[in-house]
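The letters A, B, C and D name the chains in turn, as written, and every chain counts its residues from 1.
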Amino acid sequence: MTLTASVVGASGFAGGELLRLLTAHPEFEVVQATSRQYENRTVGYVHPNLRELDLRFSAPDDLDAVDALFAATPHGVSMENVEAYLDAADTLVDLSADFRLGSEAAYDQWYDGHTAPAYLDRAVYALPELGREGLDGADIVASGGCNATATMLALKPLVDAGLLTPDDQVVADLKVGSSEGGAGGGPASSHPERSGVVRPYAPTGHRHEAEIEEQLGLSLSFSVHAVDMVRGAAATCHTFPTGGKAAEGEIETPDLWSAYRDAYEDEPFVRLVAGGGGVYRYPEPKSVAGTNLAEVGFAADGDRVVAFAAIDNVMKGAAGQAVHAANLAFGLDETAGLNQLGLHPVGSP
Amino acid sequence: MTLTASVVGASGFAGGELLRLLTAHPEFEVVQATSRQYENRTVGYVHPNLRELDLRFSAPDDLDAVDALFAATPHGVSMENVEAYLDAADTLVDLSADFRLGSEAAYDQWYDGHTAPAYLDRAVYALPELGREGLDGADIVASGGCNATATMLALKPLVDAGLLTPDDQVVADLKVGSSEGGAGGGPASSHPERSGVVRPYAPTGHRHEAEIEEQLGLSLSFSVHAVDMVRGAAATCHTFPTGGKAAEGEIETPDLWSAYRDAYEDEPFVRLVAGGGGVYRYPEPKSVAGTNLAEVGFAADGDRVVAFAAIDNVMKGAAGQAVHAANLAFGLDETAGLNQLGLHPVGSP
Amino acid sequence: MTLTASVVGASGFAGGELLRLLTAHPEFEVVQATSRQYENRTVGYVHPNLRELDLRFSAPDDLDAVDALFAATPHGVSMENVEAYLDAADTLVDLSADFRLGSEAAYDQWYDGHTAPAYLDRAVYALPELGREGLDGADIVASGGCNATATMLALKPLVDAGLLTPDDQVVADLKVGSSEGGAGGGPASSHPERSGVVRPYAPTGHRHEAEIEEQLGLSLSFSVHAVDMVRGAAATCHTFPTGGKAAEGEIETPDLWSAYRDAYEDEPFVRLVAGGGGVYRYPEPKSVAGTNLAEVGFAADGDRVVAFAAIDNVMKGAAGQAVHAANLAFGLDETAGLNQLGLHPVGSP
Amino acid sequence: MTLTASVVGASGFAGGELLRLLTAHPEFEVVQATSRQYENRTVGYVHPNLRELDLRFSAPDDLDAVDALFAATPHGVSMENVEAYLDAADTLVDLSADFRLGSEAAYDQWYDGHTAPAYLDRAVYALPELGREGLDGADIVASGGCNATATMLALKPLVDAGLLTPDDQVVADLKVGSSEGGAGGGPASSHPERSGVVRPYAPTGHRHEAEIEEQLGLSLSFSVHAVDMVRGAAATCHTFPTGGKAAEGEIETPDLWSAYRDAYEDEPFVRLVAGGGGVYRYPEPKSVAGTNLAEVGFAADGDRVVAFAAIDNVMKGAAGQAVHAANLAFGLDETAGLNQLGLHPVGSP
């Protein structure tokens, strides 16, 4: 079986990563890659890692009929084009925020008005480690956002184990790489200004809060910092659980191991890293760079539990997650095309 | 007037920075720089920025009589040598943690046993923005630690204004540069392993908590992350104030401006940065690299106030703070020798 | 068919990369990984990308019988142990310099005395793009060095085309990443000292000159600079050809395209990049990070031809080249296990 | 005495650095800083290191009368406005290339047509270490370019000593930081694309060749590489001298020490670094970051002499050199305002 796939918005970072993954995927074949800006250029012109591909960007106006259309465009584009995408494809895997929230009201609260609210119900949110329900056979998949993914992977085991309750205090402090700013990042992304930073770029009000609160039923404080790496998102979640064992006394490390193992023992893309020796004792984006893995870990500290997760934002936070969701949507082996090992050593991932 | 000064532990990063500052200082003259490892080498052998200095390291066994002895040695060395230091110098400015805490009990809780507890009472803690009492004429100055300095500068205005009370929740999430690991940083500091990291190196239990709690009367949760820069410490303090205006409703941005201006309007080394436009809207270590400045800022977010501070850990977090304290101890203009402007652009600071 | 393999010196950077490649290789199975320092530790303790592997380091004293033994030890170790290696394995693939030169005399000129000169003749030098003769069935393979590989890949087409003659002036100016210093890089490799450098670490006398001169029959001037990346080696070869078309007048770009295409058109691991538009117009280490590819390019400039090559020094400059050579030695598809695509964007590769 | 100064093009990197230097200069007072893009913004809006300055950008249309006007605009602007600049100021210190070449013919060969060729004769080229003739009292100063400065400082002693003759082979291989691309660097300067690079951005035909050939009387091959730092330019000049001692045999290290000491022993901004021990054995941009110093060094290698120079391109390659030249033009102490010590450790300078 070969499934045909197209990538809309293929000149961006997530789009390029989709091309990389789908090209090496055992079940998908890329038949179209769109980019208005780079129409007729080879994909290698923009993505030097893909110079060997015999593929040119086409304008997004004339979409081929495909099994799966991956939309890696800026927020707002998919909602404008959802009908065209669904005309062209059996399944739309959308990497933007357009279909991530469950209701028009929620959308309007965090973003501008939604122009295709009728499709919100049909969309299935995809962060498979939170649940795979509805993904098999879905016709609109809303792939989870990078910072939300890291945060939720860190927190979910505490929620599942009943330690963290909806009223508990949660502070999520994220550190992210420059690729989150996209391929045309603007003045703040220029190398002289962006190198070596610790920059609170979204100290409050980051829109990924919305999907976290909707998916996990938690209210949380969320701050995002730019740091000097290209790929990577690391969430440090300072939580103050009051449920379950926490109600009886301090949570101890073995309680946390139980919670995290229960949550993730069968997950192919989660790796638990919590303490131990050597240089790499907690989750780090470097350790998963270029892979679809999330490293997840924790540390107990009295009434505080610090929960960590680290991902490659372009992979597990975007293209990898989208391919994972597509594998599930089409009933394939869910790890197909996603078994890359990371590198060591590696610089800025 | 010229005051003589010696630097013990002068081959380390803080020691080298002391040499840089004291060499250009209008009132101090460096007469001795010690290093057991590099005895007889020129200081420029280790510190390439100081090649022009006609000064060689001597062993720390034979100390010159000086007005001020700056001890920039690892923790534990100053307590072992405090009598020798005080024999040699009128004033000991200690950059280690040895004399920062007020009592032997506090010391024993966080560090190993103290070997010179009789001197703890004589030592004056120095983070001048917290208070200058006792610094004029002090004979032992305990210069505040880097991460504690950043954290306390962020929080102090909230305490002073009565917004933050001792029982309020405070999470301090720090991002620090590799110079904090010192000149012999070990395997985790090697370039291939340390480049591009977001590494939770002290997720809990960092010993700077002790001095913060002692100085500010707050209990806080404290986590430190290594990120890819050389100089710099950035504190993001997620606070949930319940005092003063916070008791009456949400704290608004103008309330915070009042609190921070009240706390720092006369401080020569504090710069308030909170919102506004452009690329640099909040405190960043880059913006103060090479200077004794702290950038301090804040953001209101419902019941949360996020307080930020960014410093150069080698300067405001170590050598600059020590010189600032020495200026005060000797009754000099407190900014003497500390008026460097930072650079723009600059990479990893 | 499954071939068994062991990696000696598996805790180093090249050793870890061999584990990564051989684990995913369709024909090889890793049965032993040795490290004296980390005996009994899991390989994931040192190499965080390999945490999933169920494999522990063993001491190098008791070698399993294998089809292929990959030696990734410091120079000098393989010559001391060559008999033990050949007792254990049908084929020794050596990544050190010990068997790269053709004669004891050459070895003694550039290194210290050779302790197993009798084996020099049996060893086959492996940079497959220079020639595959002798590799099929070889029992000692000497895998080419990283900086030599980059330099020779840049120059070979000029030699093959008769443009560059043995007496022509060639200056090779290399820029390399910190992984070349190995896992225990010493003070110059510590992050604070190594970040942001342009450091002439081997301005003259780099020992890779020896194998270049032996393999290409050229005499060249060779200087190596450390720059801020982890993986990567980039060679800029300033050449002044006098042969062939150069004897008749200036060499033009089409002449160079002919020469480079002739040399590499059938090579699976060489990508020609020379001019064109966009951001990536010449060979860059970033574009091949994590892959076994070499980017090779050129620019004509009057009587000068600038020849470029960029590789990932841990891959094409070490582990990838060794696996490539092993594939050839065992008669496998030469690209087996080496088809990884690179990443875009990527920071310090 | 206080001299008034204005900076045209003050929102760029060199312009900001001029503001930093002139603000702290004992003899100059900044009265105007122009920027069309940021008119009415504070200078701190763009340059976070200058937040304390009470100065706003004005449009460049209405220039104040000043003693010195520093023009830090892109190439082509000064020639269009030279009359206005000279109307406003006694002395124009131009940081662009507009007045660096001696003749209209030379200009037309390397750049587009010159629109104010009548002023070329009046302009005095300023790289003071090459000669200070004409600078005292000059009314147009053409401050030397960054890459040319580094290259010429490396080579001049070899020329002065008669070792390097006009027909000798010289290859200059430069490695430069991202600040050379300016404040609006475009796609190739975005952090994800620019991080970790070794990128041959001007393999041939860099326009700084013109001033080097004019000033030193040498013909040279010139290639410029972008590497991962923000500030800094490092020149590695591979030379093959045939004059003087070189005609009699190989040049030895003591010959080179003589040549370099003779050339620079009285120069306040040149530091010789050539071999020795420790981590910093040759010129490095890091060691001079933020200063007006050039590190210069060399290594002998048979018939090759490798000559090195490292500068901070924003300082010695632009603003520092311009202030140095202004000091000379106005008869001030030439080091006034330029005595900053560098930092250690420092990341990407």
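Here is the rule we go by: contacts are C-beta pairs under 8 Å (C-beta built on N, C-alpha and C of every residue); 3 or more make two chains touch, one makes a residue touch a chain.
This one's a predicted model, so the numbers in the text were calculated from it and none came from an experiment.
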item	value
Any chain that touches chain D and chain A	B, C
Longest centre-to-centre distance from chain A, chain (CA-based)	D
Centroid distance [mean C-alpha coordinates] between chain C and chain B, Å	45
Geometric centre distance via CA averages, chain B-chain A, whole Å	38
Contacts with two or more other chains, residues of chain B listed in rising order	13, 177, 179, 187, 192, 195-196, 228-230, 279-280, 284, 286, 345-349
Touch-based graph of the chains, sorted into line, ring, star, complete or other	complete
In the complex with chain A, residue positions of chain B that touch it	169, 171, 173, 175, 187-188, 192-193, 195-200, 203-205, 221, 223, 225, 227-230, 232, 234, 236, 238, 240, 279-286, 299-301, 304, 306, 308, 310, 345-349
Residues of chain D touching chain A in the complex	13, 177-179, 181, 183-185, 187, 189-192, 194-196, 228, 230, 347-348
Complex contact set, residues of chain A against chain C	13, 16-17, 20, 23-24, 41, 45-52, 177-179, 229-231, 271, 273, 276-280, 284, 286-287, 289-291, 314, 339-349
